[in-house]
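A, B, C and D are the chain letters, set down in written order, and residue numbers restart from 1 in every chain.
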Amino acid sequence: MLDYSPIVDKIVREAKQQANKGEVASYIPELSCVDSNKFGISILDKNGKGFHAGDSGEQFSIQSISKVLSLAMAYSLAGEELWKRVDVEPSGDPFNHLSLLEMENGIPRNPLINAGAIVICDILVSNLKNPKSDFLSYVQNIANDPSITYDDKVAESEKRTGFRNYAAAYLIKSFGNLENDVETVLDFYFHSCSLSMSCEQLTKVFYIFMNRGNCLKNKNYLNLSQVKRINAIMLTCGFYDEAGEFAFEVGLPGKSGVGGGIVALLPNQFCVATWSPGLNKKGNSKLGMLALEKLTTETGLSIF
Amino acid sequence: MLDYSPIVDKIVREAKQQANKGEVASYIPELSCVDSNKFGISILDKNGKGFHAGDSGEQFSIQSISKVLSLAMAYSLAGEELWKRVDVEPSGDPFNHLSLLEMENGIPRNPLINAGAIVICDILVSNLKNPKSDFLSYVQNIANDPSITYDDKVAESEKRTGFRNYAAAYLIKSFGNLENDVETVLDFYFHSCSLSMSCEQLTKVFYIFMNRGNCLKNKNYLNLSQVKRINAIMLTCGFYDEAGEFAFEVGLPGKSGVGGGIVALLPNQFCVATWSPGLNKKGNSKLGMLALEKLTTETGLSIF
Amino acid sequence: MLDYSPIVDKIVREAKQQANKGEVASYIPELSCVDSNKFGISILDKNGKGFHAGDSGEQFSIQSISKVLSLAMAYSLAGEELWKRVDVEPSGDPFNHLSLLEMENGIPRNPLINAGAIVICDILVSNLKNPKSDFLSYVQNIANDPSITYDDKVAESEKRTGFRNYAAAYLIKSFGNLENDVETVLDFYFHSCSLSMSCEQLTKVFYIFMNRGNCLKNKNYLNLSQVKRINAIMLTCGFYDEAGEFAFEVGLPGKSGVGGGIVALLPNQFCVATWSPGLNKKGNSKLGMLALEKLTTETGLSIF
Amino acid sequence: MLDYSPIVDKIVREAKQQANKGEVASYIPELSCVDSNKFGISILDKNGKGFHAGDSGEQFSIQSISKVLSLAMAYSLAGEELWKRVDVEPSGDPFNHLSLLEMENGIPRNPLINAGAIVICDILVSNLKNPKSDFLSYVQNIANDPSITYDDKVAESEKRTGFRNYAAAYLIKSFGNLENDVETVLDFYFHSCSLSMSCEQLTKVFYIFMNRGNCLKNKNYLNLSQVKRINAIMLTCGFYDEAGEFAFEVGLPGKSGVGGGIVALLPNQFCVATWSPGLNKKGNSKLGMLALEKLTTETGLSIF
C-alpha cells in the first residue's frame, strides 16, 4: 500500500493558498454560517491505515452524501424490488428535476438526486420500526462510531425552507410512488441529510463500498453485486449535472453534498473524503473537486 | 335580439342522442358519481332574457370555471400589479405545467391554469379579511343570487387527493411567489373550485364579462379595459391545451371545468353555459364543446 | 363608418417622438440595413376607404406575415385535410420549436410558426404547377395589384443563413411530414417570406380576412368558416410567444413579421397595417405594437 | 492472465439458445437485411492473446462505435481545445437530442451522441487533408490491419435517409458550432459510421484504450490522461440513455452501435467485442448486453 501522507499534506498546503474558494451554500440558513476557510482531507487505505490533513477531524453537515447511505440500507432491506420505484440513469439536466419526474410518471431518474432519495426514504419509513434511530444506528455501526449524530438544527432549518423538496414529494405522491405521507417521509429525509461527520468518519463509513461490502470490523453490509452497482450509480450520478465532468477529471465513484463534503473511492485500494464549504456553480465543493483531481492525477490511480 | 329558443332546444335534442358522451372525471372522487346523462344549456342575452333547455337549472361543481371569477375579484383589488406575478401567455404543453414553472422561475403562464389560479388565490388571501366568505359574497352579488354556495364535500375530496396542486403550490413558494402558507392558500383554492352553480346561474355571473363589467342590476364590477383583457385571456387560455382548437372551432372567449361545465360569451350579445359531465381526452366537456360549435356555426355568431 | 384620419395622424406623430424604437432584425443580413426611423400606418375600412399616414406607401419585406397568405391559399386548395399535418395550438415556448416538433412527431404546433409554415409550403409545392409564380399571382389578384413582387436578394440572403429553418425542415422530413425535398420547399418558403409590400398593399390583401373571404373587387377567396378559423389562428398564434400579450393589449387577430410589419383586423370593420423596423425582445415591431394598442384603446374597438 | 476460452464458448452456446434476439435496426435500409442469428464474441487480453467464439471473424457495420475512434483522432489533433465545442455530460433524455442542443446553444452534450460526433467530424474535416482516407489509415494503423474499409453502400444508404442527422447538423451550424458546410461534414460522418469490422478487429483497435494509449505494436496514439478521459466518457455516455444501466449491470467502459456491435474494456486487463444484430428498445444489442453482463458477473471483473 502507498504512503498517502505526502499527497494529503501537499493538497492541504495548496488549498490554503487558493484565493477563490467558491460560495458557501446559503439556501439552508443554518449552513450559511460555516467558515469558508475550513479544509480537510482523509484517506483510508484498504488495510485500515488512515492519512489525515487539515480540518479532517472536524464535523460538518454531510447533506446529500447521506443519499448513498440511505440507498445502501434500503437496498439491503428491499433488494432488487427497489429498482421498480427509482431508475439508474443520470438526470442530465440541471434545472428540471420536476419536469423529468412529470414526463416519467413519478419514477425518479436515480436514487442520488433529491426526488430519488425521497423515494428511498419512503422505502425505509415503510421498512423500519423507528426510521430515524434505526438509520442512525446503521451508520454508527458501519463506522463503529456511536458519536455520529443528526444535527436537529440543520434538519429544522431545511424543513422550514425546503419548499422544493415538498414540491417533489407531492409530485411523486400524485403518481402513486410514495406509500407514506409527505410530512413523515420528509421529516426522515431532512434528518438523514443532517448527519454530521468529519472526513475521518466519512472514510470509515464509505469503507464498505471500497471493501466489497465489509466494514473495518469485517462485518458484511452489502453483497458484491450490490456494492458494484452502488459504485456504478455514484460514478454516473453522484455529482448532479457535473457527474460526467467528475468521471472525466477524477475518474472515481463518489458523492458530494452542499455542506462542502465529497467522498470518493477506488475499489480495493482506498477511500477519500474532503471538506471545503465553498461550492462551484454546479453545487459541488470547489476545492474538494480540485483536490481529488490532483490526487488521481499525481498518483495515476483511477478506475479508468 | 335573436330568439335562441329553437337552437337551445335543438342542441339538447341532439345531445340526448349522442352515444359517446366522454368520460366523467374520476380524479376527484366526489365528482365521479355524477350522472353522465345530464345535459343542460342556458343562453342569457344582453337584454337579460334567458333561454334554457335540458338540465339547465340543476347545480354542478363549476371547478376551473371559478378561476375566471377569482381572477376578476383579484384584478379589481390588485390592479395591474397582478401581472407581475402571473403571465398572460397560453401554456402550450399539456403535460408540463410544473416544468414550465421551473423554467420560468415560479411565474405561472396564465391565471387560468392551476398554478396561476393558486397565485391569484394567494393574492385574494392577502387582500381579503375572510377570503372564503368574501369571495362567495362577491359571486352571489354579481348573480344577485344568495343561494350560490360552496360544496364542502367536493372541497374536502380534492384536498385529500390534490397532491399535484400541493406540488405546484410548493414549487411556486420555493420561488418566492406565494406570500401565504401553502395550506391556507390551497384551502381557499379548493373551496373556490367547489362552487356549485346551474347553467342559469353561470350565465348570470358571466354576464358582467359580456356587458362591459356591469351585472344585470347594472352595478359595475370591472372597467372596460379589465373586461377586454379577461376575455382575451379566456380566449387564448381558457381550455387548457385545447384553447387553440376552441377558438378555431367555436370562436368565443370561454372557460371549461372538469365538472363538465363550459361558459362562453359574445361581447354585447349573449352569454352561454352548457353542462355535460363527460369529458374528452383534453379534459373539456365533450358534448358541451359540440354544442357550442353548433351554436356558433348555425347562428354565424362569433368574435371572428 | 368612422373617420380614422385623426387617429392615424396622431399615431404617426407620437411614433416619430419615440426615442426607443427597438432593434432592427440582423439575422437576415439583407434586412439589417433598413432605416429604423421609418414608420407607416394604413387603415382600410369595410367600405374600401383608406386612411394613410407616415411611410405607408413604402414597401418593406413582409416576412412572416406571408405565412397567413400561404395558409389561405393552401387551405382553399387542400381543405380540412390540411389539419392532419399541422395543429392549431399556440406554441407556448419561445425557444424550443424544434423540441416541440420532436415530442409531437413532426406535427408543427400551428401554421404561423416557421415549422408550420414550412409544412404549408410543402402542401403548396405539391399542389401548384409553378409554386412561386402561382402564389405570387394569388397575392397580386387579392390585392388587385400586379406590382407586388418577391425580393430575390432577401430570399437569397435568408437561404444562405437560414440554417435553423433547414434544421426544422429536415426534422419534419425525418418524421415523414414533408412530401417534397427540403431544398425545393425551402426555396419556395424563403421566396414567400421575401414578398415586398407597403402598408397600403397589406391592408388590401388582408381585406379578405375582414370581409368574409371577399376582396375589394368582391371576388371570393375563402368561405366564411375558413376565414373565421384563420382569424382565430392569427389571434392565438400570430405573435410568436407574445400572442397572449397581443390579444390582451390589442385584442385583434393579426400577424407580425421580422421586417417590422404588423397587420391586424376587426371583422366587418377595418383592416390595419403598421410598419416600423425596430423590434422588441420577442421579435415583434416595437412601435407597431404600441400603435395598435393605442388604436384599440382610443377607439374602444376590439373583438373583446 | 486468465483463460477466457471457457467463458466465450459458454456465452456463444447460451446466445444460440435465446429465443428473443431483439429487432434488427431498420432505419438504415442497408442494415436491415443482416441475419439476426449471427453472434460473435472476441476477447483480447493485455498480452495480446485472443479468445474467439461464434461469428467473431465476420465483418459488420460498426456504426456508432466509430464515434470513439473519431473522438480519439480529433482529441490527439486538437487537444483540450476540443472540449470548448462539445461537453462531457450524459444526455439523459432519449428523445430530445435536438431540444437539448437548442437549450444549450449548439454545444452537444457529449461526443458519443450523434450531434457530438458531428462536431467531432467537423474538427477532423478542418484538420485533415483527406478526411476520409486519413481517418481510415488511422484506424488501419492502430489495428495493424489494412483490410479494414468503409462500406460505401451503407454510407450512401444512411445519407439518403439520415434526415435527423441533417437536422442536427444544421441546428449546430445555426449556433456557429460547425466550421465546414453541412454536406461535407455529414459525408465524412456517414462514412466513418460505415466502417466494417469483425469482433476480432474491433478488439485490436480498442486495445489502445485498455493499454494506456499503446497499440499491440506498442506504438502510442494517446497519452494516459486522454485514455482515462475517453474511457470515462464511454462509461457515462456510451450507451445512449441506457448508459447508467450498462454501468450498473456490466460495469465497464464501452460503446455500442446500431449494427449490433458492442465493444468494452477493463483497463490493463482485456478488451471485449460482441456482435448480435438484434437490438433492445434502447437501440443496444440485446444479446450483446446479456453476454457482457454474464462475462463480468461470472469473472467478477469490473471497474467497480
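The rule is short, and it goes like this: a residue touches a chain if its C-beta (ideal position, glycine included) is under 8 Å from a C-beta of that chain, and two chains touch if they have at least 3 such contacts.
As the structure is a computational prediction, the values presented were derived from the model and not from experiment.
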Least step count from subunit B to subunit D, where 1 means the two chains touch: 2
Chains contacting each of subunit A and subunit D, listed by label: none
Distance from subunit B to subunit A - Cα centre to Cα centre, in angstrom: 47
Separation of mean Cα positions, subunit C and subunit A [Å, integer]: 55
Euclidean distance of C-alpha centroids - subunit B vs subunit C, Å: 32
Junction residues of subunit A - those touching two or more other chains: none
Interface residues, subunit D side, partner subunit C - complex: 95-96, 98-99, 101-103, 163-164, 166-171, 173-174, 182
Subunit D partner contacts - residues on subunit A that touch it in the complex: 87-93, 100, 109-110, 224-225, 227-229, 231-233, 235-237, 241-245, 247-248, 251, 253, 267, 297, 300, 302-304
